[in-house]
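Just below is one structure, and these are the notes that go with it.
Per-chain residue numbering starts at 1, and chain names A, B, C and D are given in the order in which the chains are listed.
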Amino acid sequence: MRVGILTGGGDCPGLNAVIRAAAKTLFTGGAEVLGFRDGYRGIINKNWMPIDKNAISGLLHRGGTILGTNNRDNPFNFPVKTAEGKTKYCDVSDVLLENIRDLKLDNLISIGGDGTLSIARELVEKGAQIVGVPKTIDNDLAATDQTFGFDTAVATATEALDKLHSTAESHHRVMVLEVMGRYAGWIALWSGVAGGADVILIPEIPWSLESIMQKIEERQREGKPFSIIVVAEGAPGPSGEHVVRERIEGSGDPLRLGGIGHLVGKLVEQATGVETRVTVLGHIQRGGSPSPLDRILATRFGVAAAELAMSGRSGLMVALKGKEIIPVPLDEATKKPYFVPPESQLVLAARFTGICFGD
Amino acid sequence: MRVGILTGGGDCPGLNAVIRAAAKTLFTGGAEVLGFRDGYRGIINKNWMPIDKNAISGLLHRGGTILGTNNRDNPFNFPVKTAEGKTKYCDVSDVLLENIRDLKLDNLISIGGDGTLSIARELVEKGAQIVGVPKTIDNDLAATDQTFGFDTAVATATEALDKLHSTAESHHRVMVLEVMGRYAGWIALWSGVAGGADVILIPEIPWSLESIMQKIEERQREGKPFSIIVVAEGAPGPSGEHVVRERIEGSGDPLRLGGIGHLVGKLVEQATGVETRVTVLGHIQRGGSPSPLDRILATRFGVAAAELAMSGRSGLMVALKGKEIIPVPLDEATKKPYFVPPESQLVLAARFTGICFGD
Amino acid sequence: MRVGILTGGGDCPGLNAVIRAAAKTLFTGGAEVLGFRDGYRGIINKNWMPIDKNAISGLLHRGGTILGTNNRDNPFNFPVKTAEGKTKYCDVSDVLLENIRDLKLDNLISIGGDGTLSIARELVEKGAQIVGVPKTIDNDLAATDQTFGFDTAVATATEALDKLHSTAESHHRVMVLEVMGRYAGWIALWSGVAGGADVILIPEIPWSLESIMQKIEERQREGKPFSIIVVAEGAPGPSGEHVVRERIEGSGDPLRLGGIGHLVGKLVEQATGVETRVTVLGHIQRGGSPSPLDRILATRFGVAAAELAMSGRSGLMVALKGKEIIPVPLDEATKKPYFVPPESQLVLAARFTGICFGD
Amino acid sequence: MRVGILTGGGDCPGLNAVIRAAAKTLFTGGAEVLGFRDGYRGIINKNWMPIDKNAISGLLHRGGTILGTNNRDNPFNFPVKTAEGKTKYCDVSDVLLENIRDLKLDNLISIGGDGTLSIARELVEKGAQIVGVPKTIDNDLAATDQTFGFDTAVATATEALDKLHSTAESHHRVMVLEVMGRYAGWIALWSGVAGGADVILIPEIPWSLESIMQKIEERQREGKPFSIIVVAEGAPGPSGEHVVRERIEGSGDPLRLGGIGHLVGKLVEQATGVETRVTVLGHIQRGGSPSPLDRILATRFGVAAAELAMSGRSGLMVALKGKEIIPVPLDEATKKPYFVPPESQLVLAARFTGICFGD
């Protein structure tokens, strides 16, 4: 039996732990394991490494993915260099399918987010055998109770808040921390509650400057002339508008600046007159050794995906439901994000402990 | 409205976070909050501190409990000094109940384990108004999906395993780590999976020396002349016997030595001839700043308990079920421990990744 | 005997440890200790708290300063509100000196950087009794071998580099990390060496884009299609120019954006075509619990300053020389920064391990 | 040019960083690098691995040593199996020297402690070319201001103290932590000061139970009914006697139990009646990722040793003096330990902050 593994999309602590656990499980069934490099690109280019016991040694606690990953690996819209040196986007999915046959893969374990698993679903429809492992650092997938990497990201953000606290307090400042969460505010909500934030702004709850000002002034009256604000990168502006990062003239996309964190900082400083500092935590949230919880969840996902692959299943992805890992249809991964319910218990608990959501 | 809070039993990261969240919630209802010192002992001796906004400032991330705790605070069997200076154990529960009336407490939030909540239940039967918050670092309570403190203890044990790994590998040694878990092996199981242990011994699964030797030898054949063994303190001996710590002659109870970790180390070294080192992690597992997850869970428990107390409920404790905090009867806390099911998915996943349970 | 303590300038891990150690030492001499709030502002406004054993309990490992700090506390140029509500800057140093007499202070321990200690020197010239404790997170003071806070800042930056590594490797990216160091590149140099950076850019060494490109391409040829660049905030641009953060229109100073980190990222991405991400670590470097080394150094500084104060010395600050704490004249603090010598052993060692300084 | 590297003696964070830096430096000189496995044993058995760029990738932050280490590798007293299967100890140093010639080694970098470097010195006398790198986690070498691994061990011990603090406080207990330091008390002293210990017991200062009791009672009078005691494993008993770990009957050496930590715990509990708990930190202190400081020091040592080796020097070891790495004669490593001077500034500073040394 031959099974391929690939990782796609953004980095996430625990990817290596999934690879390790899946490979170890496949070895128990005598399977040969191929690791494709840089997502689907590795199948299209037949760029792979054999995964044996040596290859996975010491992987459990390592961040990142030994297989590499890529954001431009969509086989249905793949960048191909033309004879004239230009880039053309083509559907090379048939090449991919042929390579799968050629390499005699019995199954493929595809570890990735929304995009990676959508592609998996389309490939399954065209006849491929694929099992998915969901990956999103934002934990915004309705199909699974939790995704690996989220706990580590929350820990990184919470540690940053713990550090900002002392400076805020010493300098009587407002400190704004922008964390990840493009569509859903889970990281902001969890780290904000764990890090003792005073204000949390998330995509799901519209906010007004007045509300934040009231909170800051209430704290000042109580002898606490400093405040901590956590903002999800996808939180709206004060009028509900979508905030894009501004650009330095001439810079490419990756160097975009500003964004909602800086906007909130500017508005709060102007409105309150309190010195304000803004930190954008950025890619640090995606890196580092996974937390124990993430190592365990990633291990369980890897084992379960390998078991599905060995028993010839396809079109499924693994998911956590309560205490059990269960298989669900692959298209569960591509449903709309699991948003923070504004009336959820955790939001209400946060309110009881004095956290303001700007509403 | 007046509500008391106390903490009982062993230390556990998150106790302060429960106190803080409960107090903040009670303040929103205008309640006055009394913090009793050293468990029920604080009510019996009317030893309490007023809990105001100042008292709970900065508590979220602090380990321990500002209220203190005590293991000899059972009002039904309370140590009282006689005129002759001896210690007599008496039932002083009526004193406690009278003091509750005297202090005009409308409700009491009792945060503690098995013992503390059993007492709470008995006091409720005698007419007291009490809401419980379950606390066990071992996470062995069937009534709640998780208890606060467990995630932190697992993190501490996993970090120790990460550190032992490099020495085991460099010296070609067997390293044994004894972790907490008197009746249930949850800490050993979770930290063992997260820390990449080779062998995990828990109370729920009988083990034989042969099985461990096979695992160690299998690893040696694969070019890995070192192994990591995690042992729960309550794991049985090789014949299923209960292992008590041996004593240094003349020492009191707290200085007991040896125990299952050292026994396993001795047996493995004798059987394999491989140099073996034993570490007993001990109380370090109960200390330190709670993990983000534990801060959140403790906060939610505190809020929920305060809500129950404010609405006049009694005889209940809070529990996590799925994503919700729900009230359950207090006697749920005193049911027999929630043991690791030997056929559970996590144990099976551990086996797939090569972990030996000695069976 | 009465001794005052104040903290001035930017936040720095270890300030509380200095306060604690100085106070404990002063208590042994029977001195009364007054803690002034927000730097010299606290003396001018007679805003102080008594420092007793309770006030310093638990301070050793806490970041920040319980006394607060302020950047607008210069008594020789102090902001005073006029009758018309405008702000006028006045010399109120005589008020300060009178308050010192009024409060019967025998000595004052002033903990701060360049600015704070310059003011101390001027006040000493006007007759005040002051002992200084040097504080700069940048470790750029020639008078002392090391300053507290630096080790913690290096640890924070190194941890960020460890995290960025996995993402850089998985995504084949260039990751740029901008760290503190306005005039001297110590934090960038130490964290870059400890975090395994490929390129380190510091104020002391001019750099060219070609040199960085060569390094990145050399790594690509060796099968490492990713690189880590650490940039000190005060590093020059590629033509040696001073780079100021660009501003979002209408924003105040604290919201400045861009800066050298983003400039380097933009240039590298344009020149190499490799996806580049930029992280500005910012104030996180100033916060958090001090490292063991910083706790010890801060403790030793606090003890030594208190001993000087108790023996009636003035115009001195404490400094580390080899393994000893010694007193040096206060104006040592205000000499020009201790720059990284480009030919120093550490820079050469970094070069031997393959680090490129852009020259 | 061909240079060998080996690591000997106990594990120590930073060994891999030394190997990496030495190899990188040797590569710049075009040298071929051989890594011998398990100390001198690797030369005797010609058991080595080629060290190329791949072999050292990712080593900087990894604890342990990829070369392995061994305590029974003394070529002058080497265990050899006889025909009858017994173990005989022989002088095989000539074999070792011949293998060095045979493998055409131009130089050997020997990284290790007292024992490893004493052997190096003897081999140099017999004609070998060897450069040493000193390694002792105890930091008790007079020849160098600091050794790598010490800062990490202090951090591990300090973190344990931070965790024990909350439990001590919550339970009104005395917590005893036994840390490494067989002959010198540096780890106990540094971690005790950094971790806010109340009592520190080290080999260099005799102590009496009365003195400890006074300290504990003084704290109780001040409303602090808990205390933290740090004990170096080599601290004497109360009558100045050497304390050996007691053995469980039938156990081998590695399973020795008790020792000074448990003895102190027993005596304190008996004398004060306060519940006491003892933790022996053990091998955890030798493991884990090296701290930034240790990574830098190890890197500098590795570079300097490689430079010496490349320039044909022998009989020297590298050492830190102030801010410079300098070569010193190999026999500096074997001089008597650098003890904590009881009148040193750090001890006096500790006393000023209220720490009792039991004298």
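Heads up, the rule we're going with is that a residue touches a chain if its C-beta (ideal position, glycine included) is under 8 Å from a C-beta of that chain, and two chains touch if they have at least 3 such contacts.
In this text the structure is predicted, and so the values were computed from the model without any measurement.
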{"item": "Chains touching both chain A and chain C, listed by label", "value": "none"}
{"item": "Residue-number overlap at the chain B/chain D interface, same or different (half cut)", "value": "same"}
{"item": "Computed distance of Cα centres, chain B from chain A, in Å", "value": "32"}
{"item": "Euclidean distance of C-alpha centroids - chain A vs chain D, Å", "value": "41"}
{"item": "Sequence positions of chain D contacting 2 or more other chains", "value": "162"}
{"item": "Pairs of chains in contact (touch as defined earlier), listed by label", "value": "A-B, A-C, B-D, C-D"}
{"item": "Residue ranges of chain A in contact with chain B within the complex", "value": "20-21, 24-25, 28, 53, 57, 60-61, 145, 151, 154-155, 158, 162, 190-191, 193-196, 222, 224, 291-293, 295-296, 299-300, 303-304, 306-307, 322-325, 344-346, 348-349, 352-354"}
{"item": "For the chain C and chain A complex, residues of the former touching the latter", "value": "7, 10-11, 13, 15, 38, 62-65, 68-70, 156, 159-160, 162-167, 169-172, 175, 246, 248, 250-252, 254-255, 257-258, 262, 265-266, 269-270, 275-280, 282-284, 286-288"}
